[in-house]
Structure formats: C-alpha cells, structure tokens
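Chain naming follows the written order as A, B, C and D, and within any one chain the residues start at number 1.
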Amino acid sequence: MSLNVGVIGTGMIGQDHIRRLTRVLSGVTVVAVNDMDQARAQAAAPAGAKVHPTPDALVADPDVQAVVICSWGPAHEEQLLACIAAGKPVFCEKPMVTSEAAALRIIEAEVAFGRRLVQVGFMRRFDADYRRLKAVIDTGTLGAPLMYYSKHRNASVPEGLYTSDMPLNDTLVHDADISRWLLSDEVTGVEVRVPRRSSRGKDLRDPVLVLLHMASGALVDVEISVNIGYGYDIRGEVSCEAGVAALPNRPAAVVTDAHGIRQAIPEDWRERFIEAYDQEFREWIVAAGQGTATGPSAWDGYAATLVADAALRAVDSGRLEAVGMIAKPALYS
Amino acid sequence: MSLNVGVIGTGMIGQDHIRRLTRVLSGVTVVAVNDMDQARAQAAAPAGAKVHPTPDALVADPDVQAVVICSWGPAHEEQLLACIAAGKPVFCEKPMVTSEAAALRIIEAEVAFGRRLVQVGFMRRFDADYRRLKAVIDTGTLGAPLMYYSKHRNASVPEGLYTSDMPLNDTLVHDADISRWLLSDEVTGVEVRVPRRSSRGKDLRDPVLVLLHMASGALVDVEISVNIGYGYDIRGEVSCEAGVAALPNRPAAVVTDAHGIRQAIPEDWRERFIEAYDQEFREWIVAAGQGTATGPSAWDGYAATLVADAALRAVDSGRLEAVGMIAKPALYS
Amino acid sequence: MSLNVGVIGTGMIGQDHIRRLTRVLSGVTVVAVNDMDQARAQAAAPAGAKVHPTPDALVADPDVQAVVICSWGPAHEEQLLACIAAGKPVFCEKPMVTSEAAALRIIEAEVAFGRRLVQVGFMRRFDADYRRLKAVIDTGTLGAPLMYYSKHRNASVPEGLYTSDMPLNDTLVHDADISRWLLSDEVTGVEVRVPRRSSRGKDLRDPVLVLLHMASGALVDVEISVNIGYGYDIRGEVSCEAGVAALPNRPAAVVTDAHGIRQAIPEDWRERFIEAYDQEFREWIVAAGQGTATGPSAWDGYAATLVADAALRAVDSGRLEAVGMIAKPALYS
Amino acid sequence: MSLNVGVIGTGMIGQDHIRRLTRVLSGVTVVAVNDMDQARAQAAAPAGAKVHPTPDALVADPDVQAVVICSWGPAHEEQLLACIAAGKPVFCEKPMVTSEAAALRIIEAEVAFGRRLVQVGFMRRFDADYRRLKAVIDTGTLGAPLMYYSKHRNASVPEGLYTSDMPLNDTLVHDADISRWLLSDEVTGVEVRVPRRSSRGKDLRDPVLVLLHMASGALVDVEISVNIGYGYDIRGEVSCEAGVAALPNRPAAVVTDAHGIRQAIPEDWRERFIEAYDQEFREWIVAAGQGTATGPSAWDGYAATLVADAALRAVDSGRLEAVGMIAKPALYS
C-alpha cells in the first residue's frame, strides 16, 4: 500500500527529498530516479530503485505511480505535461514554469484531464506557524484582513552570483503565495519601492519594499532583505478590522545572560522550514495515493509567475503594474 | 528658583497641563492663565494665579517667565509671535500652526531673535520606549536604518465628527515626527495608499498606508488605523542593515488564563503616553528656566505641517508628493 | 528493511502507538498484537498483523523483531523479562514497573544480557523545546546549573477517580526524569510541601511543591497543579551560575484583540507532546533496528520508581526522604 | 503649601533622596539636614537648608514638618521614637530597626500616639509592574493565590565585604515584604535550603532557596542569587487556583541581531527601581502633608525583622522556623 514514486532531478534538493521519502516519511517508496547526470542519478538512487535514462522513461514506467520534479525550472513544463498526459500525480518544485504562457499550458492540460494532478512546492503553507495564523484569521473573530506585512529577511547571498532581480523573481513568490493563501485572495497589482540600499551587498538592489494590491482591496506590504547577516528571519502580521495576528517567535530556549533575555533566530531556510517540507510531502503522499493533489496547485504556480513578472515590470516603471489572470477554472475552486 | 508659567487655553488639555505643572512636577509655578472663556479660565486657575483677559496681556505680564499654549490651532501663530517678540520661552501644543506660510513666519521670527524659544508638543520623543529604541539605533551597531515601520492603531473615533482627512492631518504628524527623530532624517516625499476599508467606521477612509521617503533614501511605512476597537496600540520597528530594533510590549502583567498567556494593551493615548507628557514638561521647565528650548522645535513643527499637506495631496493624486523644505537655518542644527 | 514490531496492550495508548507506527513513521511495520481482551486486540490489529493469545506468544513469535508494551503497569515486569530473555528490543510505557525490587530485577536481567534492550516512555526527552534547553545548558556557557524549576500544570482531573497520591506517583516521574536528564544528575533526596489547597479539586492535595535534592547539590523545585482549568501548561527554567535558560512559550499565533496581546496555551498533554511521541518512536525504531535501545533506560525507570516512592514517604513524614540507588552498572554509563 | 522636610543621614542614599526631593518631585522642600559627619551634611544641604548638629535638633526644629531617616540601622530606633514623640511623619529607610524588641517599641509608641506616622522604605510596593501584578490578583478572577515565586538575582557583590548572612538579613526582606503585600497575607514560618554553591562567589552561601509559609497556607518560593554577573534580574510569578500572573520583561527595545531576538536586563537596582523610588516619595509627601503615612508601616518593618531573624535561624537548624507576631493593632488594619 506504499506509494511508488519516481524522482526527476537528483541535485541538492532532489537528494534531500529522496532522503525525506526514504528515511523520514511512511507510506512511500522511491522506485525510480532520473537526472541529466547519469552518475549523479546512480549515486542518489536508493537501493532497489531504477535509474531511467530520460524523464519520459521515468514517467512512462508502470511501476511509478507518482512523480517528484526537482530538475531546473526550464525543464518543468515538458515534464509536467508528460505527467498529466500519463495521468500521474506530480509534485513540482518552484518555479512551476518560467513563463505565463507555459503556466497556461499546464492549466489547460490539467483542466482537460479533469482532475488535479499537479502540486507546486510552496512549503510555507505546511508550516505549523502559518497554519495557526491562518486558522485565527479564518475564524473571522478579528474581522476582515486589511493589511498583511510579510518580512523576508535572509542572512546572506553569494556576492556576484546573486542579482538584483532575484528577490523579485525567486523570493517574492513565497510572500505572494502565502499572502494569497492566508487572505484567501488574489493579487491584482504590484508596486515596488527601493529604499536606501544596504551597504552589505555591494551593487545589490536590497532591500526592496513590495506592495501587493489584492482583489478584496487588502494591501500586502512585503520587505525583502537578503543580506541581513544575523540569520533567517521570517515574520508575518495580519492587521484585521478588529485585531491583529502575527507569527510567533521561533521556539528557541529563552536564555538570559549578558546579551539580555533572548531567543535564537534560525540560521537559514533549512532550519526554519524543515518540518514544513516534511509535512508538505506527508500530505502529498496521501493525496497522490488517491490519484490527485490537494496542496498548492497549477493555478497557484500561475499566480506566482504573474506576480514575479509584474514585480519586475514595476521596479522598472515605478508604477502599479496590473496582474491580469484568466477566469479561474472550476477545477481550482 | 521656580519657573513662573502662564497658560493660554484652559480646555481639556490646558487643564491637564495645569494639573501636571502644579501637582506632578517640581521647579515650576502656574502664575497666570487665559482663555477665551473667562469663566473657564477662572475655574482652571490655581490658587494665587492671575486670570488675564487676553493672550497678549498674559504674555506681557512681567511675572510670566514662560508660556504654555493650549488654545486652538488657528490662534497659535499670533500667540507664538507674541512670545518670541517678548523673548519668552514657549511650549506650544500641536499643531504648531495651520499653514506652511505661518510656520515660516515663526521660523523667521525665532531666527531673527537668535535663540530657540519655541517647543512643539511632540511628546513621543520623551517616551522611554522610543528613547531606548533611538539609543539602540544611534549606537550604530545595527548599521544604517533602511526601513521604519510605524503602526498607529487607535481604538475608536467619534462617528460623524471624525473625517477621513484627520488621520493624515492630525495623526500622521506623530509618525512623521518620530520617524524624523529616530532616523535623524528629513521627509522628502509622501505617498498614500488606501487599503480595503474597515467596516467598523462607515464612510471613513480607514486604514491608510503612508510611505515617507526620507532624504537618506530610507523608507518609512506607516499604518494608521483609527477604529480597531481593542485598544490603543502603537508599534515601531526599525529595519537596519545588520539587525532590527522594535518597541517592546507595554509593561503589563503577564497573565495566563483561559485567554492564553497575555499582556493587556493600553486603552487610549492617555494611558500610553502619560509618563511621556510628564517628561516632556520636566525637560521643558529646565530649558525654559535657562531662557531657551531644547525639545521639538519650530523647524519640527514646520516639517510636520509640510508632511500633512503633502499627504493630503497624495491621497488625491495617488502619486508621490514632494516635500520641499527651505534650507535649514543654523539655529536648528 | 522495515522493523517488525509486536504491540502488547491495545487500549487507548496502545491504539495511538499503532496509529503512529503504521501511519506516521517510516521503517516500521506492526506485525503482531496482543491484549487481555481478544476482541479489542482484533479490532486494533492492522491489516496483515497476527493476534496472539498471550504476551509470551507475541514475544516468542520469530516474525516479531521488537516489542512495544502498553499493557497496565503490574504486567510490565513479566513482559519485559520475557523480551530480555528473547534478546528483543522493547519499548515500555510508564511506569516501567511498580516496585523497586521489580526495577532491580529488570536491571539485573538486562545487565546479564549485556546490551541495552529496554527503553522507557519518558517522551519529554524527545521534545524539541526540552532538547534546545538541554543544548544550551550543555554548552556550559551559563556555568553549572544550580536550580531547576519545573512547573507541571494540568487542566483538570476526573473528580473521584483521581487521588491525592497520583501527582506524586504518576506525574512527578516526568519532572524527575527530565530534571535528571537536563542536569545530567541523580536525585538523592525528596521533600514535599503542601500549600493551600485549590478549591477547584475538592478533597485533593493540590498543588504540591516537591524539592528534589540532586547529587551535585543542585535543587529541583517542582510545582504540580492538576486542576488549573485554563490548559496544560508546562514550564521549565534552569538557574545557572552565570545565566538562566527556560522553555519558550509554545509557538501559537500572537493575537492582539480585546484580551490583550496573547498566545494560546495547549489544551492537554496530547497537543503539547504529540511531536515528542513521534520523535520518541522515530529514534526507537532506529536503535531497535540495530538490536538495542538508546532512549531512557531501565536505570531511568528505576530512578523514577525510587523518586515516586520517596515522595510518597516525604508527604507523610514532612521530612527529607533519601533516595538510595545501587551503584550504577557500566551498561548505563 | 510645600512640605518642609528634614533629612537625617546624608550618605549615598541620603544624597540621592535629597536630589529627588529637590529636583524631581513637587510640593516638597528640604529645609534641614543632619549627619554624624558635619562636613558631609554641609555639602549635601540644598541652598537655604539648615544643618543641625544632632538628629534630635532636626526633629525638634519647628520648621521641619516631616523627617526622612537615612542614617545607619542601629540609629533608627531612637530617631523614629523622637519623630513619633514630636508627632511628625517620618520616612525611614530599611531596616526599620535591627531587633524584634526595637520594632515592638516603635509599634507601641505609634499605637500610643494613635495615628500612623512611620513609613518604611519598601519601594517595590510603588513599582508599576508589581502594582499591575497585584491589581490582577486582587480582581480575584484567577482565584486564590497558592504559590508565589520570587527570584532575586543580583549581578555581583563585593568579595570579602559581603557575607553569607546578608542575603537573608538584607535582601530577603524585600521578597518577604512584597509577598505579604501581593498576597495580603502574613508569614508564619520560614525554611531555607542551600543548593550547590555558585563558583562565582568563593566562600559565599549563594544561591539560597527560602520557603515562606503564609497564614493562608500559600507558599512563597524565593530564590536569592547575588553573583549572577549578567545583570539585576527580578522576577515574580503568582500561581493561583485558575491562572498565573507574572511580572513582565522590563520595557527594553526588542533588538534582533546575531545574539537573537532580545531585550536588555537592567544593570542594577538603581536602574530597575528608580521610578519606584520617585513614586514612593511622591505618595509619602501627600500623606505626610496630611500628618500621617499610608505606605509600608511599622508593622511591615516589624514583620520584615521577624522573617529575617527566622531565616537566619532556619539556615542553621535546617528546619521550619516559626514567625510569631503579636496580635495586629487596629492601627495597622
């Protein structure tokens, strides 16, 4: 009764998910792997797993009941379409695809298939703190959410390799997705403001302030800072009509010493979200075992793509850039 | 050696300051009062204090060494100019004056006099929490401030009497002044965004999000909500290059019961800032006794006027409205 | 490569562990169950698992590689000795046994066998908060621990069924075990003081204050309250030579509303320790797969028995009651 | 309408109170001083104040309406009795007197006089945090208090000069007084336990754990640590039948940096309690102006003496030492 899974892409994140699927979670077996680098695939394959020469071969393998895609972004579209064609549930790491047109092709294919198969790797939705925050908002006792503050503070980025568009292209999607989910809302426009630059990252446009205008009228106020040095510090606060709800401090020991009364900050995203990754797959396994997906959808991947595109336009224009989504197919309601 | 003070305006706030000057603070005596309503002045006058028929008479009284102005805003300019003409230190409640032109006339007069005489009632600068926050920033260990978040959440406003311009005209001045002071910076532009309106205040534009663009490039992100119901909740957080510093929770008992582990929120601005008002006058008395003023200046009152004007323009235009200040006179450096 | 486990005792806790072993954790299969009530065993058995008529039959089953004991306390000794005789790793719920003599017999058998097989169900040692607390202490930067405060506050107990000895017999063992573990120390004496009784539990001796005198000289100060009503509130604070370290608040959303700024308290021990139970078995499975046990040992079960016995004597005598342990066998070092 | 005060004893604390009475508080004038060291008295005297050769001369001075005693402890009895004989309100620093017999003589004299004149310097009762804590308890919503935890952690003590009896003789009186006040209760017995000694203070009996048995049955659990190094850290928690209430963190800026998310701890008692001292005198001035005293009384000074005596006996005996107070005179009800 274990779900047989094939993993495409056995780089760092693929290896981590294989570890998770084989050593942490129950009800799942990795039966096949594939990677552009055959030797890397071989090294990453658990005992007894097949190593397929191509993604197509892996998807076509009758022993593979569901697929995990950890290849690089530009390859996702073709692999996702193959999974949908084969009717196999598929977990796809971010970004789902790299263009609006590609996202629409995924949606079209999945809608034509008639059942959700695709889950996109927005793991924050599985984090216990975010879930408790959403639970508070969803009770409605605080009234409608009017503002959401999302602070995305990252310890450091590799100088030279990291470019100024990355916060808007790669990082903002997390804030945008969690905002849409927390507020049960859609983004209709994006503004970007660039404050004084941090001297810690030479030529980097850092930090940035992003305003997401939501369909309800709510405003989402995002700070992205990628070079704060002291740790990985994710905060979120929803300002509602009759109250405020926020993420708590991370549960570190409360130490009192010469530095004051204090709690440690996580070092990086791995430390911060490790349980969320586990839970993300725990729930995916259950849904995939039933031939479908229940987590973040192709629709959510499409929305993320549009927001990132609009943010990049907004930083250039200095204006409010509209996010124009197609009518939402019933499959995603 | 006690400072002899005359109070102009004996309405609610005037009476409160008379109480403070006579019953809380040392080194000061209220020797004269004036109010448009002579009976009200009589009732408010401490034993032994004179009741003057006009503000001018009070300012001219040789027994009056320093003046406290608590009359309504439109009367301030004339009274301030009279004090400056008489060379008497003067504390003036907000707003200093009601137009840019008037503010410039105060500055001109004071500069011509050659010594600071005017202090404007921005009491937050005397609040112990804000002072500790500024002390942390000023040490420089967190690096340059890049963003400042100011949340101004007020329990309720009187329906009908309170209009949509008031948050920008009366409330924002506090956030603008404390931002300028905390960041040792000036406002150069103002943007206003209007999120989904709270259903708690019928036709009110509430909340509003204000972005203050500072001369250093830092961005100040202000939320003003005036009808949150649950209390008076002022928060502030400075995001710096290498760390973050924020106002603490107010020092309420930590109660654990069926509502969780919790601390009470102040009911209103009186509860929140009562010690700040005391401290504001404590320091004013010392400076006034030396014939001058050291707290928020006419320059600060001028800046507040410009920011409020720009915010009102920005809510209409939807654009970034510039704040154009004259060159700063040496008196205010 | 899955560990085949047999479960003895399929009451409430046995059923919960079967759920955990079959639906939450990886690398383990429940292949056999047993219960005094054959029908209950049948109902609790996962698909494909055998139902054995006796504990002995289950332990003897060659398909059973490791055993989980969830029967009632008086039956544990015989079942544990059977597991040791069979050389099978065994997880045993609290209490390990119900007398000092029985505890010594378990130790004697395990020492004779020559390898650790027994793990006792002190799940707090697997709680992430306690682990972070211990990590802080073990770094040594705060100096030696001098006092440990353990507050054990329980929402309610069933009137009539719950007796005044239960806090000392059943509850204190958790505080004693976690104290020994956190401080890497042993209990040498126990005092009990009985404060004013709570009116919430009629004839109950509640709360109680217990002082554990440790071999190092450190004092452990335990409050056990079983009828506080508002939730399940476990706190711990270590006072060291140069600093203090404490358990954090549980990671609930920070809500600000008419009740203040607040975080929810867990409702009961299930909510508080559910992840700890999962982790406890996760690590047990790994060790049992290697034919041994690494968690709380028979020595720890023995210590808990002695502390509970001493506490019951101390409440009667009003004195310091000594805890006299045998020399620690090398197996437990 | 200003209260004319004479100050006996112009050492460090006398000088600080003179500063407070002349420069911080209103409605009071220091008109006379006295000290064993005439030159020191001269130096400390505010402009216009008389310097009296003896305490008796100061008390007898018809210009002196009320007296502040800051001399050393053994001199207090005679000075207090002189004030009572003169019918003059008197504020006396701790310890009120140095023996039970002396305390009873003060009470006898004051009762004979028929009106409260004596206030003892237990300043914690005037601290805003303690007052909020008491307010929560006094509402009764948490039920009766059953346990109170008082942690008295001091940064350092001078090696050699500080002896092992001082925590019980000088420090414990604060915890005892605040416990009696918070719980509206009396101490009936004292136990002392001595944990492992801190290696930071060579031959010092540090920390100590003191249990105060209260008349209601409530238990007060006091930790006194005098050499913790990191700051002055005072904590208090009341465990009631249906909830818990505790002192909050001190209102320091919340800084997030490489040391975590943190708030500073006060350096010493001056920083921690400076506002409490101001408030203590603010209220004393009002009561003294009405010819009486409302703060901590001679009865409270008597209780503190008995608790300290019992604690010293208890550390030697290892037993519960009873505190036997006389019947409470109506004057103190």
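Here is the rule we use: a residue touches a chain if its C-beta (ideal position, glycine included) is under 8 Å from a C-beta of that chain, and two chains touch if they have at least 3 such contacts.
Treat the numbers as computed from the prediction; the structure is a model and nothing was measured.
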item	value
Distance-maximising chain from chain B - centres being C-alpha averages	C
Gap in Å, rounded to a whole number, between the CA centres of chain D and chain A	58
Geometric centre distance via CA averages, chain D-chain C, whole Å	44
Length of the line joining the C-alpha centres of chain A and chain C, rounded to whole Å	38
Shared-contact residues (touching 2 or more other chains) in chain B	229-230, 233, 242-244, 249, 252, 255-258, 263
Chain contact graph, described as a line, ring, star, complete graph or other shape	complete
Residue ranges of chain D in contact with chain B within the complex	22-28, 128-129, 132-133, 135-136, 141-142, 242-258, 263
Contact set on chain D toward chain A in their complex	229-231, 233, 249, 252, 255-265
Interface residues, chain D side, partner chain C - complex	143-144, 146-147, 149, 151, 153, 193, 195-200, 207, 209, 211, 214, 216-219, 221, 223, 225, 227-230, 233, 239, 241-244
